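Next come two complexes built around subunit A: one with subunit B, the other with subunit C.
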Partner chain A sequence: MVKLTIDGKEVVAREGQTVLEAAQAAGIYIPALCYHHEVKPYTACRLCMVEVTKGKRTRFVTACDYVVADSMVVRTDTEKVKKCRKLVLELLMAQCPNLPQLQELAQIIGVEEVRFSKSNDDCILCGMCVRTCAEVVGLHAIGFEGRGFTRKVCTPFDEPSEPCILCGACSYICPVDVIPVEEVDGYRIMERWHKKSRLVACSKCGKYFMTEDEFRFLQEKTGLPEDRLRICMDCR
Partner chain B sequence: MRRLESREDLERFREEALSRRPERFISLGMGTASRAHGAEAVYFVLKEEVAKRGLDIPIKATGDHGLCGYAPVMVIYPDGVLYHSVKAQDVPDILDAVEKGEIIERLLYTDPMTGVTYTYEEEIPFYKKQMRLVLGPMELVEPLSVEDYLCHGGFSALTKAFFDMKPEEIIQEVITSGLRGRGGAGFRTGWKWEDAAMRPSPVKYIICNGDEGDPGAYMDRCLLEGLPYGVLEGMIIGAYAIGAHEGFVYVRKEYPLATHNVQKAIETLRELGLLGENILGSGFDFDIQVVRGGGAFVCGESSALIASVEGRVGEPRSKHVHATESGLWGRPTVLNNVETLANVPYIVNRGGEWFAAIGTEESKGTKVFSLAGDIYNTGLVEVPMGITLKEVVYDIGGGIQNGKAFKAVQTGGPSGGCLPASQLDLPVEFDTLDAAGSMMGSGGMIVMDEDACMVDVARYFVKFLTEESCGKCVPCREGLRHMLEILDRITQGEGTMEDVDLLEELGYVVANASLCGLGKSAPNPVLSTVRYFREEYLEHVKDKKCRAGVCKALVHYKIIAENCTGCHICFKECPVDAITGEPKGVHVIDQEKCIKCGICKDVCKFDAVKVV
Partner chain C sequence: MAEVATVENLEQNVREAMARYGNNPARMIEILQDLQDIYGYLSKDLLKEVSRQTEVPLARVYHIATFFKAFTLKPRGKYTIQVCTGTACHVKGSYRVLERLEDVLGVRAGDTTDDLMFTLETVNCVGACALGPVVIINGKYYGHVTPVQVESLIKEYRER
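Now for the complex of A and B:
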């Protein structure tokens, strides 16, 4: 066990835990948009930056991947933290002005106005979808294209992504909910990835529960007999 | 080629090389800068003419000699007579002179400030103030000739390291030397090596970072082109010290000659047995591969470079865990800059204390700079740390061209800062440059005269960095985009006072919250110009004026009636017919039509067109 203090509060954390995890467990709020415990830390949104003092040295680090250590002193409320946090969110709000999730966050951390020219993107480029697809699903159906502010998440060549099985994990994980999944006439459609796949119905209850692409993927991956795979989670 | 099985074999090879070493030879700079100035044609004619005359004068096609603005540069040894801006048609005269022991006055270097003409290389002020340590052998060796390199002590540090020293002793010498990384961050090389050496992993790597991306910087290119064996020797010693058996030289794709030379040098070393298994019978195995960068500026950043070597997209990641612990493919990895490695053989040969005696308390040794901009002597210079900026700009650089006034010097590449005349007495060392709001960087040094608009300069560099930002983290991607937008606004005369404050606020956050070194240092050009040239920002914002006449939206061209002779040239050259006037009469520019291209000013022989 590791003992540290966060904002003056004594916190006990597990060895190897990150500052963000330790803070969350202790009920101390640190905003983070590109962090999810199921994927590796990415340190891109920079909202979780905190001041960490170890020995004589104070560093300004991302809480989402900085590992706790004994007698570490963490401050999440210094002027520097607040200044950076606010401006970073303001920049994100200029990039994506119409996301309610950002507006909510703005209320919490106190961003009152956006002083920059606005674009009309909807994706905050946190890479959560890309990383989930690669790390959790094990496919690399989507990725980043371009660099700097022309960067975007897309399928290869912006064409229907071959490996995509329309599992919807990207949509589920998206912190700003901009990857819609539609189900129409027995098909699942993900417009963002230009992909459409026929749905498979449960052999017991008859409800659609996965796409054909997903079915084939699971069949190959698990080697389970077809009749067993055709039963939905509820009926299993 | 023979295979060297032992230290004795190598020394025998060296003795043979020394016995064949010519006293009289012609050295012609043939690096990229020289080739751009036509050195290849000179070389071709020189070769032909020497053969035709049956002369016994070897010609060495070497790396660039440093005086790049005067390339192609040729030095006749043993006397060291230096000819510059040599053309193919000068070759017969040069050979006549060499045969007769004469000197060709017209090809000698004349100091543009003092008007003094110098015959010998060593007398020229450009070279005199320098301390050419790693660049020392540059003009004496053919880049790919092992014999030449051996004649200048090549691989003596390697054999000393292998046979007379233990790895920890080598590391101790490097620690004692105080050598700091020459790529920009200035981390202590010895500590890096020590950290990697103590890791128990059986697989370790050493990478040479030759992804020099700063516009106007070409130190690493010249070293890889001109002295590839020097860099590789340093690398082999480093590998031995930390226990790595595999190494990579990462060279940017835009450096074809450097890539070629380093690749060929590696092949030669393999044939000689200086790379591969059981090097010189020492029992130590080590080999090197060349990896070509794809052209992204950010790939010079260590974690992005490692990702790129691994075959992934060159994007930086958090570096709470150092590469020396978990780097390339998760293995302990030492990443050193080209110039850093080129220093290593000297430290091993002459000792850490000797090296530490050069330079200042915290910055030891020499530093190579690529001196560019509005000075007379542009080129590659190597100076001891602690030399003042003034000495570099005036004594070595020869001062500002055309009698103009000095305005600023930008050090450290695109994300360095611009320092004004008041900072010219600053010693060139890592920490003082940082404190002054600039940085050592990889060693770019751009001198600007009074015609530079500092807001425009900041805008130029921020534009470069905005385009090169990988886009992963928010402050760098979005922050730079808005900094550029604000700077655009100010240079177009639409800026407000709030914009200047906002620039500073953005600069603070981008510098503190960005993920990697690119973002962390990107605001430097803005913050340093706001700090030292604030009045220029205020003039742009409040008075809508650009004192340098650079920002087109804030200036207009005007014909001064007293000076106008009515020569009618501007009338003829104006691409948009904005100038009216009869021949021999005073001409006038129609401000509505004028596109401010500046052609009228360029063509006027009577200095009648002014920017106001």
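Now for the complex of A and C:
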């Protein structure tokens, strides 16, 4: 067990836990867009910056990957931290001016205007989809392309990605909800990845519940007999 | 110089490039550099073959190949024409040489002609300012280049 202070509050955390996890457990709010407990910390959004004092030294760190230590003092509410957060969010909003999730955060954090020239992207490049596909699904169907201001998330060569099974995990995890999944006429379509796959209907209720690509993937992975896999979660 | 990519030597070249770096996928950059030296660029088929043999996901290989400016995914011409647009060359009128080259070749700086003969690009100072405007074709330096000379220079290389 590790004892630390966050915003003046005594907090007990597990060894190896991050500052963000410890704060969340203690009910202290730290904004974060690129963090999820199922994937490794990535420190891409920079919104979770906090001030950490260890001994005589104070420094700014990203709370999502900074591991707690005994007698550490964390501040999430100083003027410096607030200023830092505002700037980070302002930059994100300049990159993607039309995301309601960012507008919402702006209300909380207190960003009133964006002083930078605006771009019209919709992706904040947090890499949640890329990491979920790789770490949770285990397929690496999508990735980054380029760097700097030409960096983007896409499938290799921006063509339909062979390993993609259209499971929709990327869409589910996206913190700004810009990876739409559509189901039309027995197909699941993901425009962003230029791919569609026929849907499989449940053998009991007849409702579509997964794609054929997903079906093959699960069959291979679990080795379950086909008739068992063809029954949806509700009918099982 | 550049080898023509066929399926057979693609597989072999990737295998050899990997072997040179102890079949260690962490040395992807070096592997890709070696392969680009052979083919002049990194083709889709090549990257797919690298992914297959190194067992590194294609999305990852693609990320590395697009991240570094030293890698190009587009085929390059037999001759690379570099026009210096550094300060001294610019003052000496290199932009007019560049414009003329773009007209004669029918491509913009950074692109390659459809017949894969020429790749036109700009560089910022090659340290030969006294010779400005400088044009370099496959490592050969041409100094005091005028827009008038461009056409005959290109013709010379076309006919080689």
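Operating definition for what follows: the second predicted complex is superposed on the first by the 236 of 236 C-alpha atoms of A that agree within 3 Å, B and C clash if a C-alpha of one lies under 4 Å from a C-alpha of the other, contacts with A are read in each partner's own complex, and residues count from 1 in each chain.
We adopt the following convention: a contact is a pair of C-beta atoms (placed from the backbone, for glycine too) under 8 Å apart; a residue touches a chain by one contact, two chains touch by 3 or more.
Since this is a predicted model, take the numbers as computed values, not measurements.
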Between subunit B and subunit C, whom does A:51 touch in the aligned arrangement: first, second, both, or neither?
neither
Regarding the shared-chain residue A:163, is it in contact with subunit B (first), subunit C (second), both, or neither?
second
For A:62, decide between first (touching subunit B), second (touching subunit C), both and neither.
first
Is A:146 touching anything from subunit B or subunit C once the two structures are fitted on A? First, second, both or neither.
both
Please work out whether A:88 is in contact with subunit B alone, subunit C alone, both, or neither, and reply first, second, both or neither.
first
Greater subunit A contact set [subunit C / subunit B]:
B
Pick one for A:155: touches subunit B only (first), subunit C only (second), both, or neither.
second
Both subunit B and subunit C touch subunit A at residues 144, 146-147
Which positions of subunit B touch subunit A when the two form their complex?
296, 298, 313, 317-318, 320, 466-475, 477-482, 485, 498, 502, 505-506, 508-509, 512-515
Given the complex, residues on subunit A that touch subunit C span 130, 134, 139-147, 155-157, 161-163
Parts of subunit C lying in touch with subunit A, wherever the complex brings them together:
44, 47, 57-63, 66-67
In their shared complex, at which residues does subunit A touch subunit B?
41, 43-47, 49, 60-62, 65-67, 80, 83-84, 87-88, 91-92, 94-95, 115-117, 124-125, 127, 144, 146-151
